[in-house]
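Below is one structure, written out as structure tokens; the observations come after it.
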Amino acid sequence: MRVGFLGLGGMGAAMAANLIKAGHEVTVWNRSPAPADRLAAMGGRKAESPAAAAGGEILISMLADDAATKAVLVEGGALDRLAAGALHVNMATVSMALAKELTALHEARGQGYVAAPVLGRVDVAVAGKLNILAAGPAALLDRAEPLFAAMGQRTWRFGERPEQANAVKLAANFMLASAIEAMGEAAALVQGHEVAPASFLEMISSTLFAAPAYKGYGAMIAEKRYSPVGFKLPLGLKDVRLAQEAGFAANVPMPFASVIRDNFLDALANGDGELDWAALAKVAARRAGQQD
Amino acid sequence: MRVGFLGLGGMGAAMAANLIKAGHEVTVWNRSPAPADRLAAMGGRKAESPAAAAGGEILISMLADDAATKAVLVEGGALDRLAAGALHVNMATVSMALAKELTALHEARGQGYVAAPVLGRVDVAVAGKLNILAAGPAALLDRAEPLFAAMGQRTWRFGERPEQANAVKLAANFMLASAIEAMGEAAALVQGHEVAPASFLEMISSTLFAAPAYKGYGAMIAEKRYSPVGFKLPLGLKDVRLAQEAGFAANVPMPFASVIRDNFLDALANGDGELDWAALAKVAARRAGQQD
Amino acid sequence: MRVGFLGLGGMGAAMAANLIKAGHEVTVWNRSPAPADRLAAMGGRKAESPAAAAGGEILISMLADDAATKAVLVEGGALDRLAAGALHVNMATVSMALAKELTALHEARGQGYVAAPVLGRVDVAVAGKLNILAAGPAALLDRAEPLFAAMGQRTWRFGERPEQANAVKLAANFMLASAIEAMGEAAALVQGHEVAPASFLEMISSTLFAAPAYKGYGAMIAEKRYSPVGFKLPLGLKDVRLAQEAGFAANVPMPFASVIRDNFLDALANGDGELDWAALAKVAARRAGQQD
Amino acid sequence: MRVGFLGLGGMGAAMAANLIKAGHEVTVWNRSPAPADRLAAMGGRKAESPAAAAGGEILISMLADDAATKAVLVEGGALDRLAAGALHVNMATVSMALAKELTALHEARGQGYVAAPVLGRVDVAVAGKLNILAAGPAALLDRAEPLFAAMGQRTWRFGERPEQANAVKLAANFMLASAIEAMGEAAALVQGHEVAPASFLEMISSTLFAAPAYKGYGAMIAEKRYSPVGFKLPLGLKDVRLAQEAGFAANVPMPFASVIRDNFLDALANGDGELDWAALAKVAARRAGQQD
């Protein structure tokens, strides 16, 4: 298939590379040119503008946030270039509000729009093992499936309206943040009674919570190692706020999300904004007077 | 070894049976006689009183809560009967305050006291695969190790003071309740946008949260199946309150525990006290206006 | 002075009337014409468009929210009509973000901009006894002072940047919502022990909390009388969300605001969106199983 | 009347003095003798033991907490000495659980028991202007009314069961703590936007919140003056925990109480345990990175 790909950060570059390897004709664009050059060296085509990447059957975007997505698609001209009948697959984590707005914009032009945010970090993207959380009209998702197959291990479908996939992605990130906060509080509790948090976290993530989310973040909390950063703390706050907005839109109280939001703000106010979002656990420790 | 065993509920009966199978000489007592009769049929000896079970080298107790533990040990005469130099291994989930009190009571009589609460439900106990969370003087834990080996797959040691094991057990149960609450809120969020919670929970517990805690409770929440009861809701509240008390004792704020406590009270006030503690998720749904 | 006045809801109409009575030359505009006709009958001039009201030395706006404010000022042409050197006094409760945006828009045109939201309901506005919470350059506030004097009993100044007054107004509304929530929880607590909430609330608002906020809302809660509506529940949620956004902008955790937000959502989800925001107390009662 | 009075702290001494001035025959006891000597100099009689003070028609106690109350009454022999048919009026802030226990203990001996905790600090007690929050059988309260009249400006009755008055007192203290927390968060919010908290607090406590609770604590927060101590922070935590227990007993979720509890723990963990409970506001400031 002839595919355009907008946004070649760590995730996007890995995903686009897998599309090229799978034999698709991929035209890539990125704000800074180096990643596009690398993809070109692998067999992709480098576009000089977002619009220049939007001439194929399917356009994929994997941009940083709502603002970047809107800027590239609208001001960058990609939306205007995309043919009627073509399909845009937005794989970034954006707000439900933007998803709805984009759905309407595409509909008005006779273009297809689906959302397909992903679970998995860069190493998973490189391995082509992402979990893809998709929503949109079934026929459109079917068209994108060969691409999903090249990027992920499994596609999960959650409904006919694109923004439903964004709701699912925000719910998943909320659960990750909740797991971090729960570990942080539990670690502070046992530390308060002179049990080493590392011992506790090793035990818990080897037994009841023997899952990737707990093992990875548990180790960071145990070692108080919050850099290098996998996912930066302010991005965690951004996603929890988007989850709260999604809750607001459907009248869903989320008291855990509220606690997490306030604790992220505490972290930012106390100088931890450059750390991984697992530093949420530092807030629990500091509030308990457990200084480093 | 000559072992006494007090408390033959589902957990206790399975644990005592494994001790008998391992060749230990086990004298059992239970408030209602039937379980003791069953153990006697397997090769145990039935004691007519708590005191009568306390004549061996090691006494194990696995009683319902603080009140039952104290009643059986003190009023029931077991403590008075236990020889100086003998060891009492308390495997129940009790408060840190009681653990300290019992430590002092045993010390005053020259008896040993360790705490060893467990992770795992009845089926795990039957299989002898419990995780045993132990604390107390190392020499005493060494003495109990052959018994632990008969009941569990692994013993984790957390310190020299018995109550430290209770802190760990309360922290673990707090984390379970947090996982349930997080799933409940996330399920309400996606339901609010017409995504089936079952689809979301299946996905999340197959990927990031592929752990026993999430698979089991996730299925209950997905199916809105809160009975038969594995762990009754008021017991969940009891343990969260004990965790809060443990936090109070060490000046550890636990905002997630606070949310959980209030939501358990909401559940009780609205008629869900007979359900499994996973019914915490019903509170999130009801608050979002998602009636059954 | 020659004054324009945009927005003649209950508050705006009362405030504009007091300006007319004080001898100012007031040109009024309102989306629906009837209120403007009433003001014209009192000696004001009726403008046919927002722009037509913006020809004087000072323009006052008292519009419903951010969206209405922006629509009337920008699309309605008032901003384009306002002379360089003229002053716009925005007395509505708007977001800090909009306040900053409007400050920049006015500056770019050489116009003055100050914020002066008010404390007090319609009866207080009619009596000319509002408390005016003002911020902006001192010289500009001085120019507006004769108008403030006609509308309020006192002007409080909070800084040189207009949005600071909005922060203060949001903080004040947050405190009102907190008072309502505290009364709601306390009422549920005493009701849970068969003490009549009305007795408790009468006592407390006659003693420690003998203040207007407690007397008024206390009586509503005591009588479970949440209509007719003084301030509609969704507007309370709007203001608490704006307070949270103001907190976000300065990294200020506000756990009480978080609780209130979630409880407002609970109220909306459970059918209380048409009631006065004091119906926050219904949430506390319902969660405690205290059905009407 | 012949009255015994146990507990001559600041409050108790002032209250007993007013009884003496009103002409009652008052026998006083205090753990440390000096306050009793002072009362004796005013016309009271000094008892050498709690029991020795319990020989009259009415016994009043005003002791520090649950533990002190129980120790003095039971171990101190006052309960044994109190005649059948005599009345014990407990004016201290104790738990509902202790109130129930004492009710049963007195009933078993044919003695009357009522609860009558008070609102007001020492200066109010000296002036005889306390608000008395009473509960118990009406006939018993009638008997105590002449004494209440000497100590307070008004007696409020809340029910036939003594512990109901304790619920009311705990609800009142919860509301005070809520007011402090709300002011603390609001002060942090405006400070975050460079508005002086003192200006904000002066305004708010002169307008909507022109009540004793806000004026007093507002000034302390504005001046960051948390000593000398009026009511020590750990006592505030004690009372909020008692309010939570009262909520637990009736299945009443109290999310504001939960926030306050966690913030008090934060304050203790971070070294503010010697300050007035208004130092709750320091927690809000510290979490927002607003260091002194």
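Chains here go by letter, A, B, C and D, matching the order in which they are written, and residues are numbered from 1 within each.
Everything that follows uses one rule, which is that a residue touches a chain if its C-beta (ideal position, glycine included) is under 8 Å from a C-beta of that chain, and two chains touch if they have at least 3 such contacts.
Each chain and its UniProt protein: A, B, C, D = 3-hydroxyisobutyrate dehydrogenase.
Values in this document were obtained by computation on a predicted structure and should not be read as measured data.
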Give me the step distance from chain B to chain C, shortest route via touching chains only. 1
Would you mind telling me which chain pair, A-D or A-B, is linked by more contacting C-beta pairs? A-B
Taking mean CA positions as centres, which chain lies farthest from chain A? D
Chain A-chain B separation of Cα centroids, rounded to whole Å: 37
On a C-alpha centroid basis, what's the spacing between chain B and chain D, in Å? 38
CA centroid of chain A to CA centroid of chain D, Å: 53
Residues of chain D touching 2+ other chains? 247, 251-255, 259, 262-263, 265-266, 268-269, 287-289
Hey, how would you classify the chain contact layout here, line, ring, star, complete or other? complete
Complex interface listing, chain B residues touching chain C: 255, 262, 265-266, 268-271, 287-290
Seen from chain A, its contact residues with chain C in the complex are 241, 247-248, 251-255, 258-259, 261-263, 265-266, 268-269
Going by the contact rule at the top, pick out the chain C residues touching chain D in the complex. 96, 119, 131, 133, 135, 156, 158-159, 161, 163-164, 167-168, 170-172, 174-176, 178-179, 181-183, 185-186, 188-190, 192-195, 199-200, 203-204, 207-214, 243, 246-247, 249-257, 259, 262-263, 284, 287-289
